[in-house]
Amino acid sequence: MICQNTTITVSTKGQGTYEITPEVESFLQNSGLQEGQLTVFCQHTSCSLVIMENADPSARVDLEAFLNRLVPENQKEFTHTMEGPDDMPSHIKMALTRSAECVPVTGGQAVLGTWQGIFLWEHRRSSHRRRIVLSAVGTG
Amino acid sequence: MICQNTTITVSTKGQGTYEITPEVESFLQNSGLQEGQLTVFCQHTSCSLVIMENADPSARVDLEAFLNRLVPENQKEFTHTMEGPDDMPSHIKMALTRSAECVPVTGGQAVLGTWQGIFLWEHRRSSHRRRIVLSAVGTG
Amino acid sequence: MICQNTTITVSTKGQGTYEITPEVESFLQNSGLQEGQLTVFCQHTSCSLVIMENADPSARVDLEAFLNRLVPENQKEFTHTMEGPDDMPSHIKMALTRSAECVPVTGGQAVLGTWQGIFLWEHRRSSHRRRIVLSAVGTG
């Protein structure tokens, strides 16, 4: 049985989606996992994960712009404002998307669809170092 | 140890929720898994998964209508429009719902609540063949 | 190999986020799991799960208030209204958040970030007893 974890860090430079598929696939290969499950976990509450189309970048631009319209900054009802106008929207965007992604693994490969990539979604405006935990469970 | 995967295909005929609980339970029985975890994974970025009430269909009708109001077509800000007016909204709806569902398994059964069913949520208007990967990890 | 499940119940008294991190960590310790994956699963369709900041409670207050503005009660389009005005919004809020959370485990600890807590998010107004299934898969 294989049970392996690792932590990767992603340096973000403002709001946007940062693809981590290559890092995830590299971890998977090193783990020796052939059959089982892969979990990607985001250790923060102001950024999140999404599995999204990685072919045409315009889809991710529109996705992010939509989320900014859905969760605008400076809502008059906000009380949690000490950490800046982009902090509370970041928590909300995280809650509306995902902290973890689980992907089955077969034949040593994550079963991502043809156009699917795994992305860290940074919701804060300033630069951050984000920690993502990768976990492989199954058989070699 | 049991590590099994299979892919099922679901033929969708336009927007809506398509229950796949029977297919999931059938896979689980065939896998021989008694204790562990089941992962359901959607290999597309314009449809998604949801665990929803499967008793009264009106709840799913209202859910879908709400999502259509939340993410309308033809938003003037959209730039990713080559694949039709329902394409970009589909990606957004996918991102706001789920690509994967994880359900614990005990005594050979997925621990779904009394009213919970697992649904593929098609966000495109035209017919599609959708691929869902099922994965069982644990002991027999 | 370790494959353990348990069910915990949470008594909710109206809408809000109820932290279950201590119960989850206690289960994990009792399970003996050292390396692997933890799944938290909500057996209901009118409450959900979220991993959220557990330091400053004002962030959760703002999060909940935002979701109430996003999914107001008494929308004229709703048809599923027999169970009260807070029922259909509860299903929608559940679908926009999460039924399951998956957290990698290493060294016997769930790899939650410094400020992350696991919360049951009750969307109904009245008191409920909610069932959450915890599942540990991996090695001891």
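Order of writing sets the chain letters: A, B and C. Residues in each chain are counted from 1.
As a working rule, a residue touches a chain if its C-beta (ideal position, glycine included) is under 8 Å from a C-beta of that chain, and two chains touch if they have at least 3 such contacts.
Since this is a predicted model, take the numbers as computed values, not measurements.
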Interface numbering overlap (same over half, different under half) for chain B and chain C: different
Taking only the C-alpha atoms, how many degrees of rotation bring chain A onto chain C, rounded to the nearest 5? 120
Report, in whole Å, the distance between the mean C-alpha point of chain B and the mean C-alpha point of chain C. 19
Specify, in ascending order, the residues of chain C that touch 2 or more different other chains. 1, 37, 70, 96, 98, 102, 137
Flag every residue of chain C that touches chain B in the complex, lowest number first. 1, 3-5, 7, 37, 39, 41-45, 70-71, 75, 77-80, 88, 91-92, 94-96, 98-100, 102, 131, 133-135, 137
What does chain A use to touch chain B in their complex? 1, 35-37, 50-53, 56, 58-59, 61-63, 65-67, 69-70, 96-98, 101-106, 111-116, 137-139
